[in-house]
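The following pair of complexes shares a single chain, chain A, combined with chain B in the former and chain C in the latter.
Right after this comes the complex of A and B.
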């Protein structure tokens, strides 16, 4: 007999928190009720529905207290490094230095959503000439100006080349404002020529060895910049150990995803899974707590699977979701309309695949960096999505566009065409702004129609 | 007599259809302008429609609502998206159709159906009114013409202008410039019809399976089907009562539910 679990509103969570406390719930140092974040301005939480478990509470609290931890680290004399654009590679390198704490300023792209635009970050970015034609990561630029969020990093490390041009423009602006930036180059991943030595990357793509060698040399330059900041040389043994530790995090995430996607009832809501996947990029500036949060989530998911508990019915339409949502409420919406996640590609799948442990560590990191879906051709990304959508028996696909994110302009139709042709499942593209309320009717109709179409296909099969 | 209703609360009009389940036929249809009090407007429309057939709400066995305002219709027993409803409505009228182009007041949709009439995929416009009826309203207002005249206005040697802007607001600016330059209204109106057709073709992206049906309020515009046919390079059919296909689909779902 299966049990359909109910998500909680923020008000519900207050009661749940009191109950859990009475029952002796133990919390980490950043624990506390979810509602306190609303007092900090995170008002979007009042419109979301949450997983009711202590494990999920811990996840949310880890996410929403990152800035406090960064400020504490600064006071403790640690070097703060902003790692930008590469999505998952440089934080690994930086964590190999004991007195450096890397974080991901791009994470501010969710702040306008979480704070329902009350932070005015996008307006500040507008005034700096980085307007709505740019990706919402422009909120990060404004956060550097207002200094009301993360501490200003001692060093910024940003990849350029085959990555987002919006991002380069934003970081160039930061450079002009006097923030030290170390740039490193990542080439467009290409097919190896015949007779060219090639290497299989994490995730299955192939790249020429020459590109890997080049990226490894770029990462050596980054390591040198970090060494200079840290005042200690890079210890390759330490880097190897860091890679092994981070692989454990990635394997936990892979396991979590697989359990959630394959379970008959989704044992973790889409919203919490989305947040958890984001941990793979930068660990919310706390690797140890990331490990603990994922362990708790895995234990909770295992318990629910064993007791046949979940947040979606067995009848829910299995949806593969491509790209992160600017407005987190969409994740709730999918489930409320009768869908569930059965696969995701949030643009950083390379940061979930384990980093190879056999090659020398910089070369291994180079392989991981070159596996980034954004630095390769769209068809490589499409192949991976196709593979995963097939594995997890997707019945529909959503390609979520981010307003102003230019690399999405032609990618969506190519991905959709591939999936339609190969799997014959309905696909939609939706553009989701940081606050989707005004477009809610249109987005809701598209999602609902997608689920209706998939349901109709299911009946026919 | 077993009567069900389908209601389509669109952005510009609310449409209602009464359907006789035993006879398998639409027995009445009507529409009214959309407004702030959607629920009351819909209730009034349904009441009037029932009244026109000497029926009352008690005679109604089931109602399905569709359209962007579907959740505001309190009379509805169930709701479905307009995409599903248009597919069902067109299938009932033209079973051979494989692609439906629905151009409504605020959005446009392209719906693909298979040989069994089952919807297999769809595309909807995104945050842009350039391929919708709203574009026509803006232009008619600028040209000081009634809306239907955007289709009917003709001249002997019509030379459609090119509207290059992808946005209705900027397109309006272009039209103001064209008017200032003395461009005939017929040429502007033809240009606008081509602009809408081009947006639809862009949305289609790849080849469309024929036969194609055009539905929605814009299908009533004289010449719109021919312009679309020219741009898509294939014949475009307009079913009877093209504005009511969504409501009809909703009524068919209602009939199935009882």
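Right after this comes the complex of A and C.
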């Protein structure tokens, strides 16, 4: 018989924490009760519902202690590198230098949500002329100004070219405000011409070799900048070893996703799955701990599958989710309304697909970078979503529209039309602000309508 | 009494530029005895018309609406977040049987055409690297020109001979020089119309007497996003308020012209010279970093010491320009008025321009 697991509120977690401790729970160096993060200002946690396992506790603690880790690394003399926009490629390169620690300042995207605007980052961005017509990543610009979050990196590396206008414009401002940026160009991935030498990229798209060669040359420039900072040349053997190690992390994540999406009851809540996926981008500045966290989560998920435990009932509607949610609470809400995650494209599928291991390492990284769903045509992205939605038997699709984002002006209808035409499942687009409380009713109504339509489709079949 | 028909000169105040130009769309360009009759449409300053013409096509730079909007082209559905300029340009790809070259110089331009393309084989996407202070990006731009050339040949064009290429480059260079030389002798509206005419027909129209008088009102710079046909009314509004646009530094304006082509370099390697003149010198806002834009602005302000202010225009949702406003305000010594384009705020815009002029008087 199956067991429906209950999620915990933050208060519940305090009791759970005490119980687990009495039972001898061992925690890593960044461990501790979740409620302490509220004292640091992460007040949104009080509105969330959590997985009750020690594995999930470790995941949250890894995520929410990243800034402390970065400050510690700086004190220990490591070089802090802010990698920006590419979501997944440059950190691989940076991890090949032992004295460099990369992180994504882009993560400030979620700060207005996690801190419920308490730190006024969006107001600071407003004052800098970056208002709500830009996506929530404008919080990053403000975080550089207030300097109350991550340490200011020793070097910023940002991709340009086939990227969103929001990010490109904001980072140009950063550059002008005295934070020099090393830019590298990623071209819009195009279809190869007939007879043009081309390569299949991770994830299945095809790109012309000329584009891969160009991106590899851009990555070489990045490697040179990192070498200069590190004081050592790039060791290609070390980079190869790093790629192999990171591929093991990516394979863990792929396995986790597959298990969660295919299980009859969701063995990991949508919220924790979303957070776990984010680890693949830069490992929350701790590759070793990311490996351990994913191992714990996989073990917990295996245990739950074997004992038929899960957070959703067997009749929950299987939802494919496109784009990250500015307000993480929506992940809880999906499940509370009778849905569950069965497929995701949080804009960084290329950071989950393993990097090819046979080409020379910079070329392999170039292939991985070009596989980014956001640098190619929307139809390529739609094809990947379609393939995954079929694999995971999705019954509905949610496209999360990001306020102000340049890509959201056109991508939503294209993705929805393709999926609707091919799979015949209901699709909606919802705009989610960093704090969705004010729109609570309308978002809820849209989600309810989507789930109801999917349910009635299910009855008709 | 029969009504007398009056033909206004191109660029006459209030006359829609595109309607004045539309009839030219079908006229062949004659280069060295070759009639170029088949249009290749483009919109970006980084697509050299010389290169299109050298392949036997008639380069036609789009000044959107009044043109694309009046046809049965498929349009990108209007949605919050969509740049209207990008949507108008994309509509061109919604025409059947037209060859269109897009350059993805911003995310909106990269994505807007996706949903309307009728025939992908007739649409060419050119990647313009945003980085530019390295040889890899230069080489990539030139390789994109070569790829464009191959595409045009596959679409029925001819491979350019060096002689043909030189003559076309000289012709466009001479046209640009002529436009620059006559710049001060005509009103801004006429200048933009003559420039559009040049980029659509390959020839400079004669400077009509009616447009010759040199403006004596307050000189301003117009800076910012791409302009649509409908936006050109701002030139009239500025003139009605007692000023004139002495420098059109909007995207597509004279700021985005290539540097003068060098005869010696043209002789040695015309394609390389074309690539260098366009890629290395246009101080575009999307460049990363875009310091060259500010160098150009500083220089323009110094060279044109009579300038009294800047009207800064942004299309709705144009992040690249909007984000620059605070930086412009601190980097440029002239007063700046931000005028958002689009919407129906025609009258309030005129009032704001008048107030700005009073302030800087």
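Everything that follows uses one rule, which is that the second predicted complex is superposed on the first by the 461 of 461 C-alpha atoms of A that agree within 3 Å, B and C clash if a C-alpha of one lies under 4 Å from a C-alpha of the other, contacts with A are read in each partner's own complex, and residues count from 1 in each chain.
Rule of thumb we're sticking to: a residue touches a chain if its C-beta (ideal position, glycine included) is under 8 Å from a C-beta of that chain, and two chains touch if they have at least 3 such contacts.
Here the structure is a predicted model, which is why all the values come from computation and not from measurement.
Contacts of A:441 after superposition on the shared chain: chain B is touched, whereas chain C is not.
Once the two complexes are overlaid on the shared chain, A:30 sits clear of chain B and of chain C alike.
Touch criterion met: A:404 reaches chain C, while chain B stays clear of it. The partner that reaches more residues of chain A, of the two candidates chain B and chain C, is C. Touch criterion met: A:449 reaches chain B, while chain C stays clear of it. Applying the stated contact rule after C-alpha superposition, one finds that A:420 touches chain B and leaves chain C untouched.
When the shared chain is aligned, chain B comes close enough to touch A:457, but chain C does not. When both complexes are aligned on chain A by C-alpha atoms, chain A residues 413 touch chain B in the first and chain C in the second. On the side of chain C, the complex with chain A involves touching residues 76-77, 79-83, 104, 106-108, 110-112, 114-115, 125, 127, 129-131, 134, 136-137, 140, 143, 147, 150-151, 286, 288-290, 317-320, 322-327. Of all the residues in chain A, the ones that touch chain C in their complex are 128-130, 133-134, 158, 160-166, 168-173, 175-176, 181, 183-185, 187-188, 190, 193, 210, 214, 217-218, 221, 377-379, 404-411, 413-414.
For chain A in complex with chain B, the touching residues are 413, 417, 420, 424, 426-431, 439, 441-442, 445-446, 448-450, 452-453, 456-457, 460. The touching residues of chain B, when paired with chain A in their complex, are 68, 80-84, 107, 116, 118-124, 126-127, 205-206.
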